[in-house]
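These are the structures in question, set out in turn.
Each of the next two complexes has chain A plus one other chain: chain B in the first, chain C in the second.
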Partner chain A sequence: MSQDAGGSAATAGGSRRMPNIAQLMRPSERSVQVALITFVAVAVAVVASMFLVAATGGSPGDAAEALYTGSIADTAAWSETLKAATPLLLVALGACISNRAGVFNIGQEGQLLLGAGVAAYVALHLALPGVLVMILSLLAGALAGGLWSGASAVMHYTRNVNIVVSTLLMSFLAIQLVSFAVTVPWILQAPRASADSIASSESAQLPPEVRIPGFGQYPALEIGGGLIVSIILTIVLAVLLGRSRWGFRLNMLGLNPMAARHAGVRAPWLGGTALALSGAFAGLAGAIILSGQVFRLQPALSNNFGWDGLLVALIARSRPIAAVPVALLFGALRSGSSFLASTGVPNYLVDIVQALLVLAFVVPPVLAKVRSRGRAEATPPPAEPVPASTTEPEKVTA
Partner chain B sequence: MIGTEEITTIVASSLRLTAPLAFAACGEYLAERAGTQNISVEGMMLGGAFGSVAVASTTGSATTGLLAGAIVGLVVGFIHGNLSHRVQINTFVVGLVLNALVLGLTSFLIAVSEFDSNQVAQVNIPGLADIPIIGPLFSQRWPMYLLLLLIPLTWWLVERSRWGLNLRAIADNPQAADVTGLKVNKLRRQALLYCGLLSGLGGAYLATAEVGSFNMNMTAGRGFIVIAAVIFGAWRLKGTLIGCLVFGFADALRLALPALGFELNSQLLVAAPYLMALLAMMLFASSNREPRALGKPFVRGIT
Partner chain C sequence: MTDDQTDSVPREAPALELRGVTKCFGPVVACDAVDLAVRSGEIHGLLGENGAGKSTLMKVLLGLVQRDEGTVLRHGERVEIPTPQAAVALGLGMVHQHFSLIEPLTVWENVSLGEPGRVKRDEVCDQIKTVGERYGLPISPTARVEDLSAGERQRVEIIKCLRRDPEVLILDEPTSVLTMAESQELFEVLRDVVAKENRAVILISHKLAEIMAATDQVTVLRKGSVAFRCRTSTTNPRELAKQMVGREVSLGTEGAALGLISEDSTPEEVQAAAEETPAAAPATTPTGEPTTPALTIEDVVVKGPDGRTLLDKFALTVSPGEILALYGVEGNGQATLGDLLSGLLEPASGTVAVNGATVPLNKVGSLHKAGVGVVPEDRHRSGVVLDMSVLDNLVMTDLGRVSGRFLLKRREARKLAARLIEQFNISTPSMDTPLRNLSGGNQQRVVLARELAGDPSVLVAAQPTHGLDVGAIEDMYARLRAAAARGVAVLLITTELEEVMALASRVAVISSGRVNGVLDIHEATAERLGMLVGGEAA
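Our next item is the complex of A and B:
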């Protein structure tokens, strides 16, 4: 059940196993191989992106410099990076939970937007002291996201509906639901500025007292309350997944549902709550974007954070701690992309880089595994335990 | 009030909006009957749309563009097939990444390039095209008639050909099929190629037959609607195509109703396909209509 199949960041997990020389030899050989292929693949991804820029008449150097300036050159840029990384990290944490349990949730985009929508409703309609409203709105956002993905779990375990497809379709429903809510005055639409102005499809601004407080002010480093919450959640989740009975059962369910059932794991309960939790994290991410960053609900608020957060989890191979640097990287790419426009390179470059990076991280471990399986089939296998190292994507039960 | 003219408009536009879905749905239907579930159909369509416009603009021939679009879809299908049915990465992960990659690439490329507008020729069937109300059905861009050939071809491939029999076998019981000597993953890769070809064609149809140009994220989730249609049709070609028609009609209504002075909220119409697919899944999922190994990777020796 060790998660250290993958290369460079191999840390925990392996240490829990009994130190047996024969066992330790093979994975390490493979993980060196994986690390090498990953390194080459990342290099190829970067070179390919630069080539694309050059081929379309841009300057790769300028583009790289713009990305650097916009993301980490000074404290103001760092603030933007952290701001973008916060929801990415939260979504990725949720995805870590569901991926480990083998229930693959890809509807985070909708769960996130719905979370933001419900949080906005609570924040704008609840007449209570500010801090209380803020906390309640965050919780309501998480609850909404959790219920939304939990509905997919119910559909799966009662009617055998494919989880991936249902979370995907539910996500589009959620997006339309929120788009609808911001066009109806008695739900979330902002009142018109004057009688003859056109009502816009967005909510009113959140009053300052219900916003998430943060530290620092532009141009100094800004650290939002949402970031602190997500860092705490990362640590809690890393401990729970790595050390608790719950985390162990999740892994067991993901790696071998049959064995898990024989060991007494109730899949509908454990898998269902894992799915609901992943949605809750996405919903919380949405609520934090709303009340910590943009303060106004618009259908465009989700801005691909859901999709990208899932990609973060894929690169991090469902390890919460590893998700932190990856989320930072993706956040930096996001904040840097806003500076690309001045160089004449479209900021969609960043989307390409992200997708290529995911491929560069996801392919090598699986490739190495397939190759070693091929070798094992060619020669009689030595006494090896069940292939312990499994990467996240394969845990999915369809 | 609604006169014949409005009805004609709605009929014509539903058909036009159905066609790209139907192209891709034929491909996705075949792929799902082979046990693969590729959400990259969205990427195939988007890539096909872009490829067709780019090539049509450089060569000046919309027909060449259409072909190029199909080939771009084929390439996406090839990549998907090799990543998920050779390297054995989870098919949904591959689909997700490919969609993101194609969306990023096409958005990037359209922002740095200028394309001329090109459209394939319209073919009117003499006589029939003048009939009121249903007249527009017989006055279409020519790829529409290609679609009319592809539908029976797809049906024949799946239900009557040896290849299709093999595909259906590996979709229901890959382990048994493997034992009889079928190359499960190879067949699935082939199914994905077919899916890519047709989905690319669907996207190309949207771009070069209907719109004449490409804009960012042009397919806007149509690939997912196609998947919804296959589910809605309970993995049967007839049902799938009916699903496409219904979803195309909903789309046409969404565009037409405001002009007719009706107030129906567009979000409901946009959401309708997804809602109907979810309901259909709940109805059909337990009645064994779904290929049994749908979306599950095949690894020899693991049951």
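Our next item is the complex of A and C:
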């Protein structure tokens, strides 16, 4: 196919002939440049982190070792890393969908907690066989997250309310709702252990039969059902985004809404469902944390998984497959951070390291773009010579 | 070159002179040892196709690009122009082809933009008024740029430039968005600037009529080097066209693209040109014949967000196989009509029917489905997705053709794209290249190929040659004619009279959002069209 394209280009451009396959296989000059800058930026981030550790009175070597021990040193550590990576990956997958459509959902933290809350309610109140309850609670969690972000979509497409603002504010609302629900006995608060004990702000434990089953047990590698679900969803989503009509239209909508409309895309429908889906993924992540990992609803359950998942999608640049290693890295930092305390380095330093890493990954493509734009302005007139300047160098390498 | 130097010795040194300026971008030689001398008190035309090196040359002058070789002299003294600020300090000012105005800001804000120091509102406003009065460029300093017509925006750009009092004024394709009357006004202003104040003007253009009418000297660039130079009075449009393209061009068809049919052409000349065009004859359906029109627009009313009426009971029919030109001054509702037919907006009232069947305009994509293809006026806005590949852009409006129930059939899509790329002669390194990397002409071909691929009954082409070079214009004309010959009803929305004369069999004139009259091309004289454009009956 590309042969044909090259052929016609050659006929149009005179006697030019281009090696098509090689040209396609070779990464563009820009992606090499991005990789280089990223490498340097990550190195800088790591060095800066070591400085911070030293500045807070710790030893960088000890800290690194603690991080390593806590995250990937043995199967038990790996289990913790995978546990943390699961919700991060799910949230990131949802963010991939909405980002592609150009609707930026940043309210995952609340959607995740709300999903966990609704899942807890279903799991604790539904009197059905255990497996069925488990499945229904997961679906209910996803539905809750989806409706929550879907509400922002409705507000946007009917009343033109800014999506970033509304998803963020709705997120705080969701967090308050769940915090309230666990203080009211007839909703979710756990019954007091005895008449004179103080009721705490949390739900009762989920009975074992409604929890998500998994493989392996401490100290062997534990693989939760939630992890398997999220890997399957990653693959499905990667195929859908890359190969389906839906994915194509989603991309088109995100990159040029006008052209998408001309091509028959109904923005309120497609963009709205994309936003709702991203919320549903966050809700599902919450439900999976609840019934696969902690088994008890507490307002602290969300534990920044929503925010961090968004960062994972940011680094993966909205590509589901790329989100997997990034989620693993973030998961490793989380599990490793629990071992930091023993070295005297404050736990929150890991947040700073994470932030530095995000910057290290996010800034280089932008830098490369700015640089290439600067060069584009210095290139001959925008109209005709552009293809010439992009095709000519290939000729030279040929 | 050497004779030019010896020529200049006895006389006063030119206001601006370039000697042997060369600039390469990688292996591409954009400018190859270009010599150019511009004297005070004259308008110097710089003629050339897109990509001939005109813009690069000017960017060298403005300090946007650093030359590889050669020298720049101001009044005979060597100067360096490392930055745009240096260019301003040297008295060089440029009015760019694409407006660099910020739409939500007012005129005075745009004019003072980028100037250091405190913002002095009243002072700037006064200056705008004085500059406007002196050169006949009236504009309200407090008007918002987004409310201005293209002509008025151009005025703002020129005022912005003149306020800095440049000795050498460079205008890059200043008339590409202007109507004939606006262009004429502009040239009168330029004459004034040159005659009264002894400034020098460089006028970049690829319109021959303009160069002939407005300049004293002309230099033709072809493929980066100077192909020809002379006093304008000693040459003729044919000669210039030949030098620019490097071969003979025929007056009737391609000539129109070059602007050979000027506003001064007598009606006979215009008609002769019209008759020379092959498909100009209304193929099978003369006006008034009771066949079903391919496109019927009836009483369409569209209101803007601010309540202004953009289309006012707009009514028009286009028959299969004809090219109907909708001619008028920019800003009279053409853009709205284009959006309407692209399916980007819903009218307040009125109907659109394709082949007699009313199209449900409230359903997104229904017009395209009904068989209306659109080459939009601003292709970057609604015609293409720049960051998607050529392949994706070629198939995006008819995904159903290249996909199963859920998944795309990449192979079929590639087959279709390969066919279209070949058929429409789209020059691209590969079909996976982002569309952004293609030239304007090739991007336009992608749009046309895609819109024609679905075998539409109606093709709407809004300013289809805007910003294209001569070769691409010829190609576009041929394809529009071919489409009409196949029975497609072509609605050509244009502000160029030359284009109307070269292509259309009928011409409708739009004024203030309504059709002010429809003429057969043979009755369309410049005078009658002028009256209709101005909102009068004719």
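Methods note: the second predicted complex is superposed on the first by the 353 of 398 C-alpha atoms of A that agree within 3 Å, B and C clash if a C-alpha of one lies under 4 Å from a C-alpha of the other, contacts with A are read in each partner's own complex, and residues count from 1 in each chain.
We adopt the following convention: a residue touches a chain if its C-beta (ideal position, glycine included) is under 8 Å from a C-beta of that chain, and two chains touch if they have at least 3 such contacts.
These numbers were taken from a predicted model, which means no experiment stands behind them.
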| item | value |
| --- | --- |
| Touching partner for A:M155 - first (chain B), second (chain C), both, neither | first |
| Partner chain(s) touched by A:A259 [first = chain B, second = chain C, both, neither] | second |
| Which of chain B and chain C A:L311 touches, first, second, both or neither | first |
| Which superposed partner A:V363 touches (first chain B, second chain C, both, neither) | first |
| First, second, both or neither for A:S59, with chain B first and chain C second | neither |
| Chain B versus chain C as contact partner of A:F248, first or second or both or neither | second |
| Partner chain in contact with A:F172 - chain B first, chain C second, else both or neither | first |
| Intersection of chain A interface sets (partners chain B, chain C) | 393-394, 396 |
| Contact footprint of chain A on chain B as seen in their complex | 37, 39, 83, 86-90, 92-93, 96-98, 100-101, 103-105, 107-109, 111-113, 221, 224, 227-228, 231, 265, 267-268, 270-271, 274-275, 277-278, 281-282, 285-286, 290, 294-297 |
| List of chain A residues in touch with chain B within their complex | 52, 56-58, 104, 106, 155, 159-162, 164-166, 168-170, 172-173, 176-177, 179-180, 183, 307, 310-311, 314, 346, 348-352, 354-356, 358-359, 362-363, 366-367, 370, 393-394, 396, 398 |
| Touch list for chain A against partner chain C, complex | 1-2, 4-9, 11-13, 18, 20, 23-24, 239-240, 243-246, 248-249, 251-252, 255-256, 258-266, 377-396 |
| Chain C residues within the chain A interface of the complex | 25-28, 30, 49-51, 53-56, 59, 64-65, 342-344, 364-365, 368-369, 374, 376, 381-388, 390, 392, 396-397, 399, 403, 406-408, 410, 414-415, 417-418, 421-422, 425-433, 437-442, 467-469 |
